[in-house]
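Here chain A shows up in two complexes: once beside chain B, once beside chain C.
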Partner chain A sequence: MKIPLHMAKEKDLQAAGLRAVPEEEKQQALVKGIDQYRQWARSLMVMLETCTKCGACANACHSYLGTGDFNNIPAARADLFRKLYKRYFTWTGKTIGRYIGAEDYDAETLAKWVTYFYQCNECRRCAVYCPFGIDTAEITIAARSIMTALGVVPRFMTGVAANMIKTGNNMGIPKPATIDCCEFMEDEMKEETGLDIKIPVDKPDSDILYIPSSADFFSNVDTMIGVAKFFHAIGANWTIPSTVLEAANFGLLFSMDAMKEQNQRMREAAKMVGAKLVVQGECGHGWRAAKMYTEGANGPAPFGLVHILDYAYQNMDKLKFEKLPWRVTLHDPCNYARAGDIIEQPRELLKACVSEFVEMTPNRERNFCCGGGSGILMDEMMDIRMQLGKKKAEQVKELLPLDFFATPCSICKAQLPHVMKFYGMEDLKMGGVMDVVGKAIVLA
Partner chain B sequence: MLLYFVGQVLPYIAGAIFLIGVIYRVAGWLKVPVPFQLTLFPAPTSGAGRIAAVGTEVLLFKSLYNNDKNLWLWAWLLHVSLAMVILGHIVGIYFLMNQFTLIGLSASASQTVSAFLGTVFGLTLLISLIVLFYRRLVNPEVKQLSDPADYIDLLFILVIAITGNHMRLPGVEVDLPAVKAYLGSLLAFGPAPIPDSGVFIAHFVTVMLFMIYFPFSKMLHFAGFLVNRAMLVEAAPVYPTPAGTPLRSSFAGARAPVADSGQAKGVQA
Partner chain C sequence: MSNIDVKGQQIEVDEDGFLVDPDVWNQDIVEAFAKLEDVSELTEDHWKVINYLRDYYKQFGIAPMIRKLCKDTGFSLKQIYDMFPSGPAKGACKLAGLPKPTGCV
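Right after this comes the complex of A and B.
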């Protein structure tokens, strides 16, 4: 393995409800995993069989542009999977394998898979630029999910999964701590505004279930405060659930079963408080998992589902803002722009809240990933994370000086401060779009 | 004996392998469910919008145009000239190059225009194949990405284009009515002997071999393109889920890793 990723050991796997496949059975298990996945999701087969190796994806990928590593070209990354797929599941691969680029499983296979499928941020930018629309995120999601079933998974992911099982959130926050934290934020808001703005927890008969990112209870408190002020301003009957204090869904990033389980928690929380509407907080892949995967993974849903930025945008006529004298730019989280249909809403909110809004180039569905996407937030990966964030840093640098850099996704919020510091922009203030809404909003 | 096989047996073998092979592979994709919407935003929201979005990709290679204009130019020229050549074969042979009399030209003018267009598109195809082959050799990233098959695919079509263009050289005569009669006999399943013309037989046989090769190769990217694009423009899910929405796959029903809250009951796949 060429990357310093810490992999889960037996006890880490157990805590996450997983198990390791013995070394001598790994090849068979991997081939079986590919076979099951290809009969489960059409995208895998079609995307593996359609690439013509035109190379158009190379310069679309921030991972390749940042690291310069050939295998980080999306077509090359997918080829690590494709070589095995051809060898074991195509007639030509079995007979004239070398001619079509098929390859046997060997001692290096899994190491290569871990190395390169954990340098893909699943950002889908290649799908925008590929003439066929081949989405390497689909291949990465499949590869990671198959490896997890073999017990080949980063310890970071099993740690999140274990916390999720224990507490319903990635950070492992128990209910009493959640309530304490809400009271702290309520006191802050009381001091600032003189108003009693509540953050209700598990309140029965709530119309709206708000699912925050658990990071909003540690490092991104301003996001949660902005959301609470917004709900107060529109007079919403809302609550947050202690059982699923997590908009993120790391399952999408390492195991489709875990993804399904997390979406199920959301459904049950909505049922418990009787919510008709679930509002998802600022989390990119979590939004994708909720919006795009709930129906497919968990069946028909009886509640409405909306993103906080969309919901705030829909309610803008009920809000009053006093513009902040700031020059602000927006980073489009990949899973909002390309995978979640949240493109214009944060722009409209920011334009209403600040004096100067500037676009970075490229933007919207052509924006580059922060480099932390798909949960590549491990400390041991810091050097690679900085390379993955290189394009983003270049984009931001062109716009300096900035008063605020809006990054409305918890993974972006965790990754970008490191990137900005590394590329000499440590003074840049960053946070969510709801942070800005919370600061500009005028409450009666 | 060999001419009998090449002219009256091989076309049916090639046609059968081509058709069955393509259908078998595409059906293999289509029988697998799409468990989740893979909508790539911003996405069209109406049926007409979806057709327009895929249509501009098919006809203009829009994504590639936005990404890499140089590659776009040659890839687009290759595919457009190929489409024109195939179309030209159908109408040019059927009407014996008199197809433009249908729009008011005289027979001799129609034959001149037909020959001119055939030459232009035939040469465009040839040149764009050579440029793309050259690009595969000199672009370091593309070179490293390429498998032997990627070169062979281009060479194969190149041979077809060369043997086809060969028939247009001055002094090379091919009896078009005889070719038409022969192809007509093949389509009517009453195969007549292949016209005794070396250049025609060379072209015809390489096309037959290519048809046999086609379903086993990544030539199927034309179908993958459509199946893939269809997934990317699918409508995003709507919540609450409208009544009567069928389960997308068995994953949504039966295999719940945690106890289901009952909301999905009664709709098990």
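Right after this comes the complex of A and C.
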């Protein structure tokens, strides 16, 4: 079978601190990888042992609805993992394997794993509809992490990982460039407001460490500007770190080891400036990685951790807005609504900032993914990405005309312009919730 | 990794068609990339964008913020898309011989 992804080669793996397991050892390594993971994450066992094949998850998954591919039904996707688990780790699987759906490892196993575990956006919508709460995203996370240890990983992921090792962010922005970007944004804000609004870098003795997405230093400038204006408005003593200029944590999407390393970077950055509070920028999965795993996987942290949308919401009484005459809707990033407890805060902020806020259907924890979730942003996947984004496009189309489409996550911001263009909504303006805050805020 | 033929010379590009070695960049390569990127004619304006990107990359080791590119060259984002149909990141950076901007872009 042909894999729809560009896979990492030896050189790519090396740059990301990874290595390839030789072909003849892959089967053994895969079985060992499953064994280690199931012992580390008992939750995975529950997911693997419980499915009754009731089918309730099929129509919950935008990946299946968009592609129509059987293997993208959550239970079928999970079965790619379950078959091996049963074959190698259950007594019935070892003895009467094929009668109970167990399957031997063969030449196609890894090709199928890569193909379908990289068509799962790890959005967790299936878990909302499964009567047992089976979360196929957990199985995808495990499968991807196990494959990465074998050297089976898309080149896109190793490219990002190599940049993270080299510069502390996914885009590969070195510190002098970060400073140049900040000066540029400060000039922009000065021109617009006449005020000296700073974006401090590595400032010692800062109360707040703000972690932006590195994409805010390339394409999503208005998000960073909105955040800087907000901190200015509340008089915060804050800084951004040059050592981890990245709210995303792709480790969660391809290697649990890489995820822990990045969380460690964040802890060290907070320590370096003496921050009591770490505020995470607009990134969905990164918020999940920070919130759920900073302490869980790396031990107690001596600082508070909050998401920028939550923090801005908590400070709303200190802010003054002049409503923009806009009709706006909100896309709930999956990792906010189904993994991060960020649901009402962006709504309250938007309602304060614009004249008309409208909900798409379904919304909140039942919202559909943008189709780029879990880092499916590879160019070679563009056709599949458009299928994954089909449900989202249908949701938005029903609400037209809109003046602005709020998509407060960097992956959504990268994926959705392509989706909107593909489905005939090219002119729709999009961006983060903090972009809107920055435009509506009245500064003294 | 594969090669493209530039006036009889084999130039190495990555899976996304970007130059593997930014140092081999020259005018012939820009012209070859222009054809692949649906840039019909390389005008003075194209060169203004390309040279700006190269200078920035030489100084900072990364592509500039898109808004800064627009502001410093005086072109709107729409004008840049008109010149480079696949946009500033995928089109203009490719012609300028920069690595492909990656991450959430």
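Keep in mind that, in the parts below, the second predicted complex is superposed on the first by the 441 of 444 C-alpha atoms of A that agree within 3 Å, B and C clash if a C-alpha of one lies under 4 Å from a C-alpha of the other, contacts with A are read in each partner's own complex, and residues count from 1 in each chain.
We adopt the following convention: a contact is a pair of C-beta atoms (placed from the backbone, for glycine too) under 8 Å apart; a residue touches a chain by one contact, two chains touch by 3 or more.
No experiment lies behind these values; they were computed from the predicted model shown.
When chain A is checked against chain B and against chain C, the one touching more of its residues turns out to be B.
In the superposition on chain A, A:377 makes contact with chain C only, while chain B stays out of contact range.
Touch criterion met: A:98 reaches chain B, while chain C stays clear of it. Legend: residue contacts after superposition of the two complexes on their common chain; A:135 is shown touching chain B, with no touch to chain C. In the superposition on chain A, contact of A:437 is made with neither chain B nor chain C. Of the two partner chains, chain C is the only one touched by A:177; chain B is not. Of the two partner chains, chain C is the only one that A:410 touches; chain B does not reach it. Residues 38-43, 45-47, 49-56, 58-60, 70, 73, 75-76, 79, 91-92, 98-101, 124, 127-135, 138, 256-258, 260-261, 264-265, 267-268, 271, 278, 291-305, 337-341, 343, 364-365 of chain A touch chain B in their complex.
Touching chain A in their complex are the following residues of chain B: 25, 28-30, 32-43, 57, 61, 63-64, 66-68, 71, 75, 139, 141-142, 144-150, 152, 216-218, 220-221, 224-225, 227-229, 231-232, 236-237, 239-241, 245, 247-249, 251-253, 255-258, 260-261, 263-264, 267. Contact residues of chain C toward chain A in the complex are 1, 15-16, 60-63, 65-68, 71, 89-90, 99, 101-105.
Residues 6, 9, 155-156, 159-160, 163, 169-174, 176-177, 180-181, 184, 188, 213-215, 217-219, 221, 248, 283, 377, 379-380, 410-411, 413-414 of chain A are the ones touching chain C in the complex.
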